[in-house]
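Structures given as structure tokens follow.
Each of the two complexes below includes chain A, the first together with chain B, the second together with chain C.
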Partner chain A sequence: MTDKQILEWKNRFAVAGAWLVAILFFFPIFWMVLTSFKTELQAIAIPPLLVFEPTLDNYTLIQERTDYTQYAWSSVVTSLGGTALAMLIAIPSAYAMAFSPTRRTKDILLWMLSTKMLPAVGVLLPIYLLSQKLGLLDTKIVLVVIYALINLPIIMMILFNYFREIPKEILEASRMDGTSTWNEITQIVMPLAWGGIASTALLSVVLCWNEAFWAINLTSSEAGTLAALVASFSSPEGLFWSKLSAVATLACAPIVVFGWLCQKQLVQGLTFGAVK
Partner chain B sequence: MKYLRTTAMGMILSLSAISFTVADEITIATVNNGHMIEMQKLTPKFEEANPGITVKWVTLDEGTLRSRVTTDITTKGGQFDVMTIGMYEAPIWGSRGWLEALEFGAEYDVDDILPAMRGGLSHDGNLYAAPFYGESSMIMYRKDLLDAAGMTMPDNPSWGHVKDAAAAMTDRDAGQYGICLRGKPGWGDNMAFLTTMANSFGGKWFNEDWTPDLDSPAWNHAVNFYVDMLTAYGPPGSAGNSFNEILALTNEGKCGMWIDATIAASFVTNPSQSKVADKMAFAQSPQAVTTRGANWLWAWALAVPSGTQKKADAMKFMEWATSKEYIELVAETNGWAAVPTGTRQSTYDNPKFKEAATFDEAELKAILSADPSNSTQDKTPYIGVQFAAIPEFQAIGTAVGQQMTAALAGDISVEEALENAQAAADREMRKAGYY
Partner chain C sequence: MAGVTINNLRKSYGDVEVMHGIDLQIDDGEFVVFVGPSGCGKSTLLRMIAGLEDVTSGTVSIGDQVVNYVAPSKRGVAMVFQTYALYPHMSVYKNMSFGLKQQKTPAAEIDERVRAAAEILQITDYLDRSPRNLSGGQRQRVAIGRAIVRDPEVFLFDEPLSNLDASLRVQTRLEIARLHERLGTTMIYVTHDQVEAMTLADKIVVLRDGVIEQVGSPIELYTNPANQFVASFIGSPKMNFFASNDLVTDTPTTHITGIRPEHLILSAKDEAVVSGKLELIEQLGEYALAYLVSGTGTEFTAKMEVPPSTSIGQTLHFSAKPNTTHFFDAESTVRVMN
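This part shows the complex of A and B:
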């Protein structure tokens, strides 16, 4: 076998492996969408049905029972709001850490990241009480603040990595010309790291959209997001798989389309700027 | 100037008109069960009859509902004006003053509520939650399979007879299992069932001095019987099964017998959900050494937290949703087979209901025979059939449930599981200061 043939075979294996991984990741989504068009009896059939007469009853029922647009609007507002607030804090902080590092900068970053390891339920009661005292229970504001705070460590880490890749000489040159810190951030750093900032923001939107714990525990009838809507369709006594699949499909659809449109930027964000 | 004055007057009048028509909004927390969904659909009827009140629903899964309403009630969050709670919470929360005591007018006919339900939702003679639907447990079995095996099912079978029937109906090659029982860990999952089984074998959760009794021969006998029977005649993966998983198996025709909540009868006899709807029959829960505590008692009930600012409106809604008129409204809309059962004697007296529900007699008999204050062979200090109505029980029940699941999965022996369970229960009770 020649080197060319070996390379071809390697490529084929790589492609086959990529397809296998892609199918493995896509299968649960495919099954969720498929189940959403089944009746409850078809959804629990053993062996599982691949061919069946599809029904739109589950989607009709969701429209009858819930105000989908209210939940979707909450998801949009809290995801974008949480991301905007986090970026507002993270950009100047990451700038300071990247361009004026101290001996403890990396330790601080690591400490911030370690807060992500704290189980959310551990701080549920204090946050619940704080929200209650401030009259923020069941409001979008509380979710915006929480989402900004929980995503801040990851956003900071990614932005820090992006900012570090900007040559310091450019900033030094601008300082020689008398640029203020504000102008340095807004007119030099941000345009140079725009790709990284955009991909980080996109990643944050996805994380906010998928967040369920705080949405379920801090909202009730006014500010519930799509994640809370999905959770409301599970039932302790009764079959609910096809209905749950339909509502999950409706909850995922906007973010899947959004992710598909912004695929390139998202991958860049997920790889922490390593592929440059 | 005149134009301005007219405009201002118009605005004031419009605003007053708005303030007159703006309704009081009450928020109700509930679970996603069929009867609750129906209640949500029929809520516009309540709003029409009570123009000053609008109703907002918050539907949560059972675990989240429990933690949300507990957090809300303990912190006086005021998020909910009406809460869906169970028979476990009602007396405990009522005794702590977290719930409003209920008083109804004559037309509500509180005496029509089944005595077992009223007793289970009361504390010191005060009713703290109105039952929306109630349930006990019973055997739901495939009459066709039992006939084919040449066996019959008495109305009050023994555990020995049930085991024989399970053996006769099992055909593993055909994917047919003689008996399906809960195995998933949880105080409301496997332990609800296993407690009734242990009760009938003469077991109990606590002795009179509050020391746990899980290392008793009665528990040992009951759990060994359960593990052996389910391993031999149950479906694979029983350790992960609870109500919904077994409902799916039964509706697919895979289970010969299922011992679980009476509410399941309406699902397994519904042709749109079940492949074996016309083949199902019912009997009382099996017994061993005692007739006490063999079948559980549970109610999903509506309660008004004492922190609500809208008590009058909340009470009005609760009264409507748990009234005889509401049951008739459901019957008019969806037929008598779809009404919430297990709460009122008048439902079971109604000939139209008797005609529509093939399980009515078995269900009523099971509910009436369950007595939370006398559910064990020996005397105990606690109230409750499938649970002990003390705040520590949730943690103890779940810890014990995990041990039972481990024994069922074959990870540890029954003896080891019971030893661990006893130690866990003892630790919790000591910590809580019972002894």
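This part shows the complex of A and C:
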């Protein structure tokens, strides 16, 4: 083989490898969507059916049995609300940490991030009891607050990194120009870090949307999100694969479309502003 | 317009003191250049005058007012940064008007002042552009424009030419000199480039390790440097320093002799002050630089109108122009009178 042929083969292997990984990731989603159009019998058929007569029965049944729009609305409100609350706290905090750092700033950030390493179940009991005493069980408010708090460390970390990319001199110039702190944040920092702020917010919305642990434990019929709805189809009524797939598809669909539309910003946010 | 008075100014970061009691008087309308090697504290001093760094002790006064605790924007100073520090998301016009807007100046007045400043700097055509679409030189002019618009009592320049290429640097340097001529405002300018210092300054302040080494007019520093550091820092190429055993003539062993490269004259052996083996010649057209090594191993440079016809490795003999030799105490490096 010539060098050129070796190079070509290497490229082919790389492409094949990439396809393999992509299929590995995509297949469960594909299978979920496919199963949602099967009857329960077709869903458990061995060997698995690839060709069959699709049915919409599962979707009609879900709509009859539950109020999908109510759950979806809950997801929308808690995701956007949690994100908005978190951003409200994170922007000024990250601003302070990025532009007036102390010797302990990095430690504080790391400590905040370390709370993400604790298993959530560790604080389930106190948070459940607190919510109960405050009369917040099965309300959207409790999820908004919880979502804001659990995403805050990551949001802070990303925003901190974005803000630090703003040259210090620009803020000094604005101080020479007599800008108030509020104007400095709203007229200088936010416009300059707008891409970062937007992608961080998008990431937070996705994380909130997919959150299941707190939604399942703190809410049910009133404020339950789509994640809670999916869960309700799995345990108490046995494993009905095609119905479960249908409800899971319905839960995923909005955020997948949303994520697809905002792909570029999301990737930017996930790379932590490391590449400009 | 106002002068600046600095009294026993100190600055510490934690336990480390970086400015050790600076006293300085800058007169109204003067062009003062702070010069010194990296880390000498020149930028810190400027930033303390600007209000971007806290004062640990001592006072900074602008006009008659002590400004230690006055906000940067209320000090009547405007600063031009090395990196321009323009607001990238605003047009040139908005960059220049931003400060006035923050001070709630009437729109008509803002417009008038921005256009007047743009006129002075010939950037009227770029007012609608974003800084991204400007060249380095244009950006620096916008940064200067932003300072002019504020009509400050004192202009502060923090190495404003460092990011420009060589030809643009010379051009912008001239423009800054013209600007000072035209506005007559007090200007304080930080640079590590002694050519900028020599050409622009009414008064040069040479700093080293947070201490002022000497204050004086450019020519004063050139002809009467207070110590060996100032002597070596001012003038290009650098002054040559010789120990007594490098020289043919008799000098006390406690003295270091300084002769500038341009003051060495090629001479006969019996008239020579110093001799050296020729190592390298740099031909610059207008003049040539000869790099030599003395018999005792000291390297020195001679500036000559005509390059020597001698080949590399040959010995050359030099005498010094009369009254141009400097003597420094070998221990304290302070200049001793000839």
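Definition applied: the second predicted complex is superposed on the first by the 253 of 276 C-alpha atoms of A that agree within 3 Å, B and C clash if a C-alpha of one lies under 4 Å from a C-alpha of the other, contacts with A are read in each partner's own complex, and residues count from 1 in each chain.
The rule is short, and it goes like this: contacts are C-beta pairs under 8 Å (C-beta built on N, C-alpha and C of every residue); 3 or more make two chains touch, one makes a residue touch a chain.
If you're wondering where the values come from, they're calculated on a predicted model, not measured in any experiment.
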Exercise for review: Look at where chain B and chain C land on chain A after superposing the complexes, then choose clash or fit.
Suggested key: fit
Point to revise | Partner chain in contact with A:Asn183 - chain B first, chain C second, else both or neither | key: second
Practice item. Quick one: classify A:Ala231 as touching chain B (first), chain C (second), both or neither. Key: first
Review point. Which touches a greater number of chain A residues, chain B or chain C?
Key: B
**Study point:** Contacts of A:Ser174 with chain B and chain C, given as first, second, both or neither
**Key:** second
Check your understanding: First (chain B), second (chain C), both or neither: which does A:Leu192 touch?
Key -> second
Review point. First (chain B), second (chain C), both or neither: which does A:Thr115 touch?
Key: neither
Review point. Looking at the overlay, does A:Tyr128 come into contact with chain B only (first), chain C only (second), both, or neither?
Key: first
Review point. Once both structures are aligned on chain A, how many angstrom separate the closest C-alpha atoms of chain B and chain C?
Key: 50
Exercise for review: Could you give the residue numbers on chain A that contact chain B in one complex and chain C in the other?
Suggested key: none
Practice item. Could you please specify the touching residues of chain C with respect to chain A in the complex? Key: 50-52, 71-74, 77-79, 81-83, 85-89, 98-99, 102-103, 146, 150
Revision key, fill the gap. Listed in rising order, the residues of chain A that touch chain B in the complex are 39-41, 44-46, 64-65, 124-125, 128-129, 132, 137-138, 216-217, 220-221, 224, 231-240
Point to revise | Residues on chain B engaged by chain A in the complex (per definition of touch) | key: 27, 29, 31-34, 37, 40-41, 56-62, 64, 67-68, 71, 75, 77, 79-80, 175, 243-244, 247-249, 251-252, 254, 261, 263-264, 267, 272-275
Study note, to complete from the structure: Residue positions on chain A within touch of chain C in the complex are 167, 169-170, 172-180, 183, 188, 191-192
